[in-house]
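Here subunit A shows up in two complexes: once beside subunit B, once beside subunit C.
What follows is the complex of A and B.
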């Protein structure tokens, strides 16, 4: 037969990229945008303060070194707190536990939620019903009340708070992952594998999961932001480390009486929590915008349809265009390696 | 290029150039042609050739990321590209109309047909005296009855053909002088397509409209257009009267394209065009087709080929060898070798009283047919005929069927899960769309190796060897092993999908419309490949298609399906040359024909 072997040239897109994992590419692209860079910078500043702070703390976080609510001075840059401890030292020492708890809660929420969502969507039928109704029940509990309930029964254990917050995240994650999995499991490549009679678990792990990285990244950022807010809120209420320990949420509560005397004792921890949530949220937003722009096929159809309508009505100039630059002309999206 | 006929030139496009926005990279350049009043120009080309970009540019529109960089589009002498935006808006709709590919998306789903038509007429006030009369008139022209019931319908209550007629009616409502159609019959079945094409031709002739019909389907263009422009890599490589282009193509690309087209009328081996067209920004200094051209000479690579006038009348070709561009004859010998490979029945495919339903609706009403093994069976039917359901029953994706399916003397259980691993291995399936059937996160090697891991217990080296060997069988070199699907062209992807099915050495390969997402030149390559593999590997091949023209090239036996029933079955040549069932007769008649003399 006259089938001609293709020449072994490099594809037009240039040499194969080394790293093909979608999530790293997504993060790299997001970090290169202004929005992503801002978010990353804010987050990094707060994380660095929390991580390296204890080493640079001028005083011990628990010793009484100055007068309560003393104003900032050369020796105590942010003044003293309600018991005369150094605010700066407590600030530098008080973020790490909060961060670790938020990350752990997020991880628990993501793992549980993804497991539930993917299973519900892929296995369908009975499993879908059981999992999603359970999710609905959990969703009916307000997070804070749920956590308070657990803590008041078992006692203020850190792992318990992490677990409570993690579990309360799972339903939202499950819903998003279920929707994404429903779409992916309809694709032909999943069916192709099913036709070999492969176990469902393997199909979910090797075919579905790798294609969920975009929604996962977005959920990760979103849940991390919520975790920070909820856990600092719980700390403020006293459900976290017991009092002598420094903690940003707790500091706000302890020092609120001296807000007028030494505003920094309240404003500084509040500011750090705010910067952290704004940072993670801004970065997530950058990732989310990219992730939504990933599916470019539907955009094409919409443009053509809109064009037809616009030409008919003679309104082409007002014709709205989607974001995202189409680099390849003439449906070459399908023909050639997508460069992105 | 100017038309030297007595007819009035309505549209003339001169040196049109479209660039990537902000860059000096041309997507389309040096495009010139003209269309006379009442005539239709067919603009043909494969995906990526720039035909849709040209169609949009004629409307003064460039897709985001592109910009019209030069040239003129004159409609009755007035340059549309030079008009101020407000003026251009007035022209569009009133004297320029556009019909897109998918009528379903062109019509507003929440507006009734009547409202939709009236809206266009009232948006350009003063053009029509009586709106109601014009609506009835224009609907009659597209063979729809303007009953109150029809006017009150929503687009989703119409069939695909009716939707396209309404879209045509809206286009013709204001009596434009230019109509641009972008593959408006893709997705319609052949009978509906024929009616729509006739309507377009008649209306253009009646109202002196210049039509530009963009299509990848050369057979459709042959039926409809008076002149043809063949596009390749952003340029018109050949332009001339339809008959001349099809009977005596002067550009090697046109000639090869014609050979790649399957046809119902004649039995021949399809000849694909290996390679891919260059992308914008990577086009060579010389002829863009040089890398794939069988007649290439050094001169081709040195500079852009001149536009040469060939023969009598207007016939232009962008080729240095236009005058003597004659390809070697089609390899006829292969046809004989490939076709007569059927041998004694060694366990064929038997389907008895197969009934399948979705919910309470039965979609297959008792299918019966029997085909000898190690041959190629083509299953043909229009959309809704149940051919895909049949394929899904065969592979076990649709487990709710009754009746009997046996292959190689063994009855096959309903669903995939009920089948023993051996049966699942023996029967492999290739999906229609290679853009969705390969996991984008896996390399070619991982994709092809995957089924081996499930069906065999092989060492790493053994399975790697098998993967390399099967890729060789589908004409892909080892350089492809580490590539990801998005680095492959459509044809390459489909070959990977075929390799993935073949690597487990199946006895029955089911191909569901595997070429419908591919260009004709690539389709021909894939068909050749399947034919060749079927013979060499002694496979039984079931090829499901809506395209009757492909059947000649691939099928030994054919089963014609309609509305969930088998209407005719038999050897391919018998069925196509002497169809007995009226449905088959109509199907064969309605297919657009390329014409007898394209042997070049």
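What follows is the complex of A and C.
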């Protein structure tokens, strides 16, 4: 609890320097909350199914082993799909590509966005203008439309979809990171290092970046959830793995016609995608609630708008809610010490 | 003397902005918006025209004779420089000439136009209904904050914001169209030549899907903004004067919550521009979202270009509109931003 006391007596200039392991503690505290634990558990279940599923699949994911849209039976626990393949086997085999793609797209978006946002805020002036105008232009493309535009040129390549989704995440991340960096770079410890004459690149990397961990964690969660939503949506539209391959999004599309005959062929993959996104979003919400206590940056709007989905996050920076921290619906959480 | 004149000039310029902050914002945002659209047009053109090797071969297929490929190349200005091609395309677009659809062999505008009308009806309907429900529930949650209604709404909205549109849509189909009841069409079949609003039943499921997806954001932002107003000094003052709760909420709290809520409504309209792609395809609703997916399947470049340009123009327009409206709604912010 001494952490809280320190926090209370910290001068407005902010703490001298924030612990470098801030992010691990943030995640640990978030996972100890009911909300965080629930999110983590849901995510873990779906990730385990996706990762270990291929080993336990009773049949091949692409062989015709039963009658099309047959009802669930003892041999085929979730019945058959549109071509008579085993739904359970396809379900177990069809998740990991989606997960890998979502994680890769999130990583690309975070790296590009953080780089752009920190540079814009720290270098100011002309670079700020150039970077933020580029961000405005990319924002004018809805993510899924941007991905479709690129797919129409090169064809549905997996790397291309990952790249497209990553690039369209970057503007939102950049805006949040820019706002947070502007705040951090006004603090005394950054000013002091600058006075020593250290190069701006070094200051950015070793002083500014480590202090951005909490907005970065929130962004990571939001972008990951959104990546899963978009990439499974693109798979549903048929722009991901080509048909014989098992894929949760594609399964929903293929089996839609048999919704009456064997609902499980559609419900099961939809349920797994839903559990996964609810899990990551709930955990992000827990992290975001804690992050509110960590300096007043971008986080509170992030939490207020929830997974502010497509456009929101970055956009809200244009219109900061300037007075007061927005009340936490869980009154108890307000009394909790912030993770430094 | 010179210095004084300079200061005078600076003062008059600032005064003009101060006197017409809304006009200033509208004009400057419009100019920025047009620049953004120009940049978008470059990207759209570059992505669809320059990259894919030989467009003429792509259109005619691998079996085309060299003579036909050559003729189409001339027609598409492929023998000119990239810049000339872009200029020819842009001037055409500005004159309303978007090219001939490769798949339908009619002007791209005639392919996209009717779809645009259907999508506009869908988005407008979902936007209006979603806003009314979202603002209503958000205000309710704010007034009863900490209560059971508030807690339930918080949990439900957190869950719903996480869901992809097609999961919400599939759930609605199962409940209302196939497995439980059979009250609504699972697929939005619109006879060719007629429009979506002539067949209102096809609007229901796609519309409800979009409403369910956007309500949680509007709800959460209305709740946060209303609570901020409810806990302010001026509200406390009004309450101590003994005003009725209804008057307090409607006259003192909600108006101050308008600006952030307007921004979120704008953002949701922008979200809808992308969200219709999946939802329209799910319900086979004949709008521009489904049209875009079909065009990408067919590599129908003029239709793709037109659709993406329309969506980007919509983005720019909604952005300007929501900035101006939220400025109009907030006296405090009518000063130019620093």
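Simple rule for what comes next: the second predicted complex is superposed on the first by the 274 of 340 C-alpha atoms of A that agree within 3 Å, B and C clash if a C-alpha of one lies under 4 Å from a C-alpha of the other, contacts with A are read in each partner's own complex, and residues count from 1 in each chain.
Going forward, a contact is a pair of C-beta atoms (placed from the backbone, for glycine too) under 8 Å apart; a residue touches a chain by one contact, two chains touch by 3 or more.
Note that this is a predicted model, so its numbers are computed, not measured.
**Q** Can A:270 be said to touch subunit B (first), subunit C (second), both, or neither?
**A** A:270 contacts subunit C only, not subunit B.
**Q** Touching A:187 in the superposition: subunit B (first), subunit C (second), both, neither?
**A** Once the two structures are laid over each other on A, A:187 reaches subunit B alone.
**Q** Figure out whether A:150 sits in contact with subunit B (first) or subunit C (second), or with both, or with neither.
**A** Second partner only, subunit C.
**Q** Let me test your reading of the model: by the given contact rule, A:207 touches which partner, first (subunit B), second (subunit C), both or neither?
**A** A:207 contacts subunit B only, not subunit C.
**Q** Considering only touches as defined above, state whether A:198 meets subunit B (first), subunit C (second), both or neither.
**A** Only subunit B is touched by A:198; subunit C is not.
**Q** Classify the contacts of A:123 with the two partner chains as first (subunit B alone), second (subunit C alone), both, or neither.
**A** In the superposition, A:123 contacts neither subunit B nor subunit C.
**Q** Taking the superposition on A as described, I'd like to know which of subunit B and subunit C A:45 touches: first, second, both or neither.
**A** The answer is neither, since A:45 touches no partner chain.
**Q** Can you pull the subunit A residues that subunit B and subunit C both touch?
**A** 304-305, 307-312, 315-316, 321, 326-327, 329, 331
**Q** Please give the residue numbers of subunit A that touch subunit B in the complex, ascending.
**A** 1-9, 11-13, 16, 20, 22, 187-189, 191-198, 207, 210-211, 301-305, 307-317, 321-322, 325-332, 334-338
**Q** Enumerate the contact residues on subunit C facing subunit A in the complex.
**A** Of all residues in subunit C, those touching subunit A are 32, 35-37, 39-40, 43-44, 47-48, 51-52, 145-146, 150-151, 154, 157-159, 161-167, 170-171, 173-174, 178-179, 186, 216-217, 220-221, 224-225, 227-228, 231-232, 259-260, 263-264, 267, 270-271, 273-275, 277-278, 281-282, 292-293, 295-297, 299, 301, 304, 307-308, 311-312, 315-316, 323, 326.
**Q** Okay, in this complex, where on subunit B does subunit A touch?
**A** Going by the criterion above, the answer is residues 18, 20, 27-28, 47-53, 56, 59-61, 63-66, 85, 88-94, 96-102, 105-106, 108, 119-120, 123-124, 167, 170-171, 182, 271, 274-276, 279-280, 282, 331, 334, 338, 395-397, 416-417, 419, 421, 424-425, 428-429, 431-433, 435-441, 450-451, 454-455, 475-480, 482-484, 486-490, 492, 497, 500, 517, 525, 528-529, 531-532.
**Q** Could you list, by residue number, the parts of subunit A that touch subunit C in their complex?
**A** So the residues of subunit A in touch with subunit C come to 133, 136-137, 139-145, 148-154, 225, 228-229, 232-233, 236-239, 249, 252, 256, 259-260, 263, 266-267, 270, 273-274, 277-278, 280-282, 285, 304-312, 315-316, 318-319, 321, 323-324, 326-327, 329, 331.
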